[in-house]
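For reference, chains read A, B and C in written order, and residue numbers begin at 1 within each chain.
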Amino acid sequence: MKVKTKNVLDLTDLSHSELMEVIRLADEIRKKPSDYADSCRGKILATLFYEPSTRTQMSFQTAMLRLGGTIIGFDNPQNSSVAKGESLKDTITVVGGYTDIIAIRNPMEGAAAAAAMYSPVPIVNAGDGGHLHPTQTLTDVITLHNEMGRLDNLTIGLCGDLKNGRTVHSLIKTMSTFKGNKFILISTPELTIPQYIKDIIIASDCSYEEIPGLADAIPQLDVLYMTRIQRERFSSEEEYQRQHGVFILDKAKMKLAKKSMRILHPLPRVDEIDVEVDYDDRAKYFEQTVYGMYGRMALIIKLLEGSVKEFPPRVMPTHPFRCKNPKCITSSEKYLPGIFREAGGDMLICKYCDGRRLI
Amino acid sequence: MKVKTKNVLDLTDLSHSELMEVIRLADEIRKKPSDYADSCRGKILATLFYEPSTRTQMSFQTAMLRLGGTIIGFDNPQNSSVAKGESLKDTITVVGGYTDIIAIRNPMEGAAAAAAMYSPVPIVNAGDGGHLHPTQTLTDVITLHNEMGRLDNLTIGLCGDLKNGRTVHSLIKTMSTFKGNKFILISTPELTIPQYIKDIIIASDCSYEEIPGLADAIPQLDVLYMTRIQRERFSSEEEYQRQHGVFILDKAKMKLAKKSMRILHPLPRVDEIDVEVDYDDRAKYFEQTVYGMYGRMALIIKLLEGSVKEFPPRVMPTHPFRCKNPKCITSSEKYLPGIFREAGGDMLICKYCDGRRLI
Amino acid sequence: MKVKTKNVLDLTDLSHSELMEVIRLADEIRKKPSDYADSCRGKILATLFYEPSTRTQMSFQTAMLRLGGTIIGFDNPQNSSVAKGESLKDTITVVGGYTDIIAIRNPMEGAAAAAAMYSPVPIVNAGDGGHLHPTQTLTDVITLHNEMGRLDNLTIGLCGDLKNGRTVHSLIKTMSTFKGNKFILISTPELTIPQYIKDIIIASDCSYEEIPGLADAIPQLDVLYMTRIQRERFSSEEEYQRQHGVFILDKAKMKLAKKSMRILHPLPRVDEIDVEVDYDDRAKYFEQTVYGMYGRMALIIKLLEGSVKEFPPRVMPTHPFRCKNPKCITSSEKYLPGIFREAGGDMLICKYCDGRRLI
């Protein structure tokens, strides 16, 4: 089955059945990697990393190399003439002429969507600021699929900074498309999940519950998805000192968990999982990175399948406005057309960054 | 036909017929790339970039990868131990031992010529300061050959900073070896072309005309070669504000041009070509980068054809003098022998940077 | 013959016969490289360089590429998210999941040993601070084997900073395992070799002599191993000015040497070998880097032979102490268990950095 999308800017660019196909292919590659050792022979992946993210970049690179393809790219904005004086449009147009597929990471929200407007080759979003990071979610879903044997009827604890954590939001969005999942949301009052994510769960066949401490939540979990809480997110240093331990996973808390529970983490971790837990068989965050590599291999194969180099048609502005989000790619790349979808009333939603503004 | 030169420091290192052969081969590769997918299997290209130039580096890298070869290199002078404490001679000797061909970029003029004195493998000059950049000119010529169908009897407009633009000088030198080309030189009075370039045209079967504004020049052009004018090149800010628009290519000026005209630009551009012009079919500056990749593929094949690793014979100084050009590679690499050719009278011309000094 | 060690942290990880086998294989590859052009097809080498060392990194990279393998990695600590916020343990665990073999360079002593405790794939130490650099010694030994035709009964001069030079210490340790070698130690009084290296020579079938000037020592040498003396190592600027020329190899001193003498240097050099000496046939320091590439090829082949991805068993602390060496990797990576061997009396020797402390 060929996927219909040319680009993966968000994981929702894949239909439910396309996602299942990518998961299935990742599994097949993992079992017989040698069958795929020449799948991308002669193809070149560009990893354009406008901010460093060594592990994500290495995951894409090894994925392409293990398919027999080759790699070019940069990871050093200060050092790159491309990253400096040139528009994203021009860089993408030129690199798209050289290569066959581009993975882009950029601190500005919507950068991958902007790149896709000009690229003759598939664009994979490898993270655009705090906005989207679909291959991390793909990684998470493949890990769940393999470690739990199913993607539905799971009780999934999500612990840490649920307010700002894009991987958490994206994982909930995707897992809400499966039936009967229950999300246990574990965070400080300041770092609870945004209302719009709750709305997504409510509208789905899934449910959620909020529990303020990890020890209280852990006994019922099938899966525990840990994330960082940054010190500066707490309301004060006293608050940090008082609360911080409540969200750290250690051997003591692991004693309260089911034998079949699995621990995931998008990495890198700081201190939210004690090193002792690494030796617990339920810890799967390192296996998770390997699943991620296979997921990226599957995605690259699917996007290159029958791919033809072709510039996308010109996109015209939908409204005579600019997005007001200072982190939106349109705020730094002025030539980008203002494109919005109408969200009812006077509300517009920016196509690039999903930022909202009034007409 | 094997090329005679071991290195390409300037495009003039290729004879006229060798250049035509490289152009022909680039065209053949472009039409049937799969025939060349293993041409350099087992060969390694080093890209030694002592100053970043991401696009040029990527063009060399993809060229080598598309020939089945592999790549190593650096692009980060501050970060590279090679670039720091070690002489160019030692770095080239060592890297020449590891690899099969070297593309070097260096801010000092004559650096590639110096590298060639010590390298056991072919050296391609990927830019030595403001001096030479032969693969850009090869790119330009291949683009003209393909887009215009011929390299003679063309009316070629060159617009921008004609005083300091090495790509413009190099293109005129090469195109002057073909018959009947007419160069229309479009620049401010401060940024006109050097007399020695005019002398080259006069001595050839070509001609030139100087026209101070782009709108006046454009109707007669077969080709418009745009380049940047840097703000600081104008005599004053007022002068910049007054003149600057005269050299910007926009939709209005495009209306004055022939339907068959082609626009080239060595990229990156700043604002001298309006983004609107990108959607005009006559804009060929992005295709140009792809032609450049094929040109570099052809050049790599030709230079590796029958290449044998061998250190060049030692070169002794011709005169007991040093070059006085502070940007000459001999000013930073003291062990380099002083080599000059005599230009009549007491005048010497430095072999590395083409700088002049009196005996 | 498969080597028994999974990792090469020090050259002593190879038995005497394994070392001879690696030397033999390097020689075979050098003679028929095409026989090995696919030896590592499908395998990925990660070069994790926490401090830049471009030449060493390029040597590993070309070694892997010439075996048909591929490469990923970083060389830029400031720029790498891996190098920044993440523990060495986590980085190694993840990169070991992606790749097949890791070459690591790190400014902290014992970093490679620490990496090996967590890596599912072979670790090659590409330099851990001033501690060990086994592939440099392998390079030196292969050069001697090829240039001298034997590894025993050689009179080997070692000139420069013998106090701090890890390559010198390591070379003496390895060459002391062969019979009848005589080490001529040439240095200032401040930079003489440590007593423990002398003890190793005394305990072997080899001998040593200390001679304070290069001119006095050179006539009897079969091999001269030159190293840098850093200006700041002299007791004063006057001392530097007075002594420094005594340790510089130039044409005049070469006249005193045997015709069959060979000059080695680990590179990069500063000014301790005059450029004129490069043209003397006895200079072998550039050939040495090529031997090093073949040595690394042989080592990679041997370590990957029958290699299975497997996490090493957990290592528990041997003592309730920490190493006191501030440059020891355990001082920055706090989770590392304290592991010591007892050296008699109350003395402990740190397993990572070989630092000593009392119980």
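Everything that follows uses one rule, which is that a residue touches a chain if its C-beta (ideal position, glycine included) is under 8 Å from a C-beta of that chain, and two chains touch if they have at least 3 such contacts.
Just so it is clear, the model here is predicted, and its values are computed rather than measured.
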| item | value |
| --- | --- |
| Rotation in the CA alignment of chain A with chain B, degrees, nearest 5 | 120 |
| Homomeric contact chain A-chain C: same or different residue positions, threshold half | different |
| Between chain A and chain C, centroid-to-centroid distance (C-alpha), Å | 41 |
| Residues of chain C whose C-beta touches two or more other chains | 70, 76, 79 |
| List of chain A residues in touch with chain C within their complex | 34, 37, 52-55, 58-59, 61-62, 65-66, 70-71, 75-76, 79, 267-270, 275, 279, 286-287, 289-290, 293 |
| Of all residues in chain B, those that touch chain C in their complex | 42, 44, 46, 70, 72, 74, 76, 79-83, 85-87, 89-91, 93-95, 97-99, 314, 335 |
